[in-house]
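Notes follow once the structure below has been shown.
For clarity, chains are labelled A, B, C and D in written order, and residue numbers in each chain start from 1.
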Amino acid sequence: MAIRVTVWGENVHERENKVVAGIYPNGMHAAIADALNTDAEVTATTVTLQDPEHGLTAAKLAETDVLIWWGHAAHGDVADAVVDRVCDAVWSGMGAIFLHSAHFAKPFKRLMGAPCNLSWREAGERERIWLTSRNHPIAAGLPDHFELENEEMYGEPFGVPEPMETVFVSWFQGGEVFRSGLTYKRGAGSVFYFRPGHETYPTYHNAHVQRVILNAVKWAHNPAARLADASAAPNVPVERALEPITERGPRLHHDGEEGFR
Amino acid sequence: MAIRVTVWGENVHERENKVVAGIYPNGMHAAIADALNTDAEVTATTVTLQDPEHGLTAAKLAETDVLIWWGHAAHGDVADAVVDRVCDAVWSGMGAIFLHSAHFAKPFKRLMGAPCNLSWREAGERERIWLTSRNHPIAAGLPDHFELENEEMYGEPFGVPEPMETVFVSWFQGGEVFRSGLTYKRGAGSVFYFRPGHETYPTYHNAHVQRVILNAVKWAHNPAARLADASAAPNVPVERALEPITERGPRLHHDGEEGFR
Amino acid sequence: MAIRVTVWGENVHERENKVVAGIYPNGMHAAIADALNTDAEVTATTVTLQDPEHGLTAAKLAETDVLIWWGHAAHGDVADAVVDRVCDAVWSGMGAIFLHSAHFAKPFKRLMGAPCNLSWREAGERERIWLTSRNHPIAAGLPDHFELENEEMYGEPFGVPEPMETVFVSWFQGGEVFRSGLTYKRGAGSVFYFRPGHETYPTYHNAHVQRVILNAVKWAHNPAARLADASAAPNVPVERALEPITERGPRLHHDGEEGFR
Amino acid sequence: MAIRVTVWGENVHERENKVVAGIYPNGMHAAIADALNTDAEVTATTVTLQDPEHGLTAAKLAETDVLIWWGHAAHGDVADAVVDRVCDAVWSGMGAIFLHSAHFAKPFKRLMGAPCNLSWREAGERERIWLTSRNHPIAAGLPDHFELENEEMYGEPFGVPEPMETVFVSWFQGGEVFRSGLTYKRGAGSVFYFRPGHETYPTYHNAHVQRVILNAVKWAHNPAARLADASAAPNVPVERALEPITERGPRLHHDGEEGFR
């Protein structure tokens, strides 16, 4: 069965800014999904901020293997209940890919537990993306480096936790560097952050960028069944202990009582 | 100057349960602080949930080098504004140590970005804590293993992110294991989780446990000045780029504009 | 195309010890390969220490996607040239799985850069293997824990580098714990260490153990082309720099000269 | 007591090349040691390749808290017995700092278990070193970035294992990036790799570079007693098991027998 990808688009710049609309007439989310759908192993659909529940109902998340998130101007408009739902889906095993300005998206910050800040400059400068983890599946089919002639600069220090792996590091014409491809695991879910994709440049039409996203979808996809309750904290009573033990000392909880949260 | 430690105690069981009050007549927080204060390099004070702003005012956090957190029955009573303040202090460079049932404390879950769940059993069984990272500063002066004759069991899978380092792993009499000493970095702050410390046992009177906490305080303490704004995302204008560049292509932002959040 | 697995067996105990020969009449390597060959996606063959070049010729390694290694009594008999060749293959992208007493195998120690030591006891005690990384592909289809009724004990501290991921931790009846499933990357190659498999017990006939090894083969397999030269350190002359630069200052090397090694 | 640092210098270029001798009349090792000795908490001495046993006798290593290594032209001349001794000292708890071209030094490659390769260019181009781990002790007192006007370029992919932490990433004028400050732990010893220091430029006279090395010395220093035998693999007999167990099943080893290596 194909990997079911949901591309979440904020869909604000595309509707309000002529430059962005010119590059992505159907929205950035559509461009990303269209590129993914050229691969037979993937079926990508799109939802946007403007959809009811931002398109991320429990039902939609249940049938999403990998969620891709692009947001920028309206991070604050994302309902906290949806953020909770997305995090819970990741913890249960859904893959998640956060693109570019989604470094400040609520679900990304929540999953990282860190400020996720950086320095930035919008000057259409050259970015060169270097591979730092040879033969990483997210870099499959890519050269050791590739260039984006016009991109927004993001600069270190990038306020994220130490990643599991650093896959890409970017060079910028104006003198900065940035860890632009980072892997994490949160609960049962795999998470990838990928830097490029400023809305005023045609980044998501770039074949290398499209390939990274496709590779990341396959890397983040976990065919295992989603956990039923990612936050379950089951009590194991004495009589069901795996090794025979006898209860000793005082207890706070009664038999069968739930733990505190 | 001594390391300034603030021990945050939920202070509920100590007041409501005779067993706990018998072991910790002044509260668990006081026992932890008292043990720390025997070391000349540390000055520990205590605050509790019941204090105004739970004792964690901006002023108190500003003069806290390392925060220790014990909570269990009243995680939900901790105000979100205080949680935000604590996370921000960690991101700015404050050290943080979370003990035992604080795995479900709001600031710990927020800093981890993960469910932080586990299995558990309250049977007073034996726990044996094994060192897994030789000569780690948090294990200074400790043997390769030590025992707590009566502890609550916590079992894997523990729903936390891969740590920077696994320092301790626990063996339980009833057949479980648990990664009981884990290091993380979040923003500029160092974070340590340490498992032992169920309220109905005299765990914080144990010399080995006290030593781990003292070591962890020294490990988590960062003498560098706290960051002024841990989430700052400064714009670097073209004319202040470190390498001369010329602006190219369309822009979304105007000069001097703040980025979106 | 199927994943090509080579199972390397030391093949000493099987020939010299009746107990081992009784459990593994064709050798442990054959038992491991037979189990893998029940999966349509894998083709496993075996080689042994006694083969010319221990069976690990350049040609054999070139057509090996994942190498599995079991050794114990004759670590010192493995020729250094073969160790070099194995490490180079891993660095070029070959997957490698080291089982049980291979913690002291020359190629494992070489790849880890660490002493890889541990404590041990041969008492046929119970081992219980706990999952620590939910939904990890190496644990696909496995429960949160499973037992081996008779195993050799390996105890912490285990002298290996911090892993990329801790997948399993073992509980032992005699009171020890052990990080028994660990992932690493070395050069372009993925490496997995898996603890169980003492020669005098039927561990490799256990369905859960077989499943872990099969999963690990799929995890360690990288379909990307092997690197031509995993240690290449290419000079990039000034005239081929990606950004125009002018040579400045004194040089030690002449044009086209090789770097020092 | 002061931290005892031994700076190991290859001491070849300084004697054979006038440019290098001009910059470092007493050798690079002396320049590094002199800078360290301005700090009251450190006592640095030097040894060179040309000394008996390259200056790294068992006695010298026993009184070395942190070893600093610079080598380039004569990696192959370092005796394997000395490499073994150095690795063993690190595993026992000695700190180690490898500078610049020491990425190909025998002990570094041995400790990494990886090819440690990179691309390079000797053009005196600008390097800008960015902090990627805020408030890391190795970056104490340093700005978020600093520049070296003339340096050799080292480019990714850098063939090292995923580090525990990435502390610095370098930008190069010619278009490359490099992870130039990386932390590792091997056995009980802390290891830091720091990129700058090409012999034909005055890098080790740079105050920022000197500060990084000083910070790294303090970070790598572990006051705990050195392990007596970093590779010990002790047998724990049944009768000394921490939990009472009865021996079951067949054994390969006799009581008191050494394990295989």
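Methods note: contacts are C-beta pairs under 8 Å (C-beta built on N, C-alpha and C of every residue); 3 or more make two chains touch, one makes a residue touch a chain.
Bear in mind that the values here come from a model prediction, so they are computed numbers and not experimental data.
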> Which chain has its C-alpha centre farthest away from the C-alpha centre of chain B?
Replying inline: C
>> How many angstrom lie between the centres of chain A and chain B, each centre taken as the mean Cα position?
In response: 26
> Measuring from the mean C-alpha position of chain B to the mean C-alpha position of chain C, what distance in angstrom results?
Replying inline: 36
> Which whole number of Å gives the spacing of the CA centres of chain A and chain C?
Replying inline: 31
> What residues in chain C touch two or more of the other chains?
Replying inline: 128, 133-134, 145, 155, 159, 162, 164-165, 173, 175-176, 185, 187, 242-243
>> What's the contact topology between the chains, one of line, ring, star, complete, other?
In response: complete
>> Considering only the defined contacts, which chain C positions touch chain A in the complex?
In response: 93, 128, 133-135, 137, 140, 145, 147, 164-165, 173, 185, 187-189, 222-224, 227, 242-243
> Which part of chain D faces chain A closely enough to touch in the complex?
Replying inline: 128, 130-134, 144-145, 155-159, 162, 164-166, 169-172, 175-177, 179
> Mind pulling up the chain A residues that touch chain B in the complex?
Replying inline: 13, 17, 19-20, 72-76, 87, 91, 101, 104, 110-115, 117-125, 150, 153, 155, 159, 161-162, 164, 173-176, 184-187, 198-201, 230-238, 241-243, 245-253, 259-261
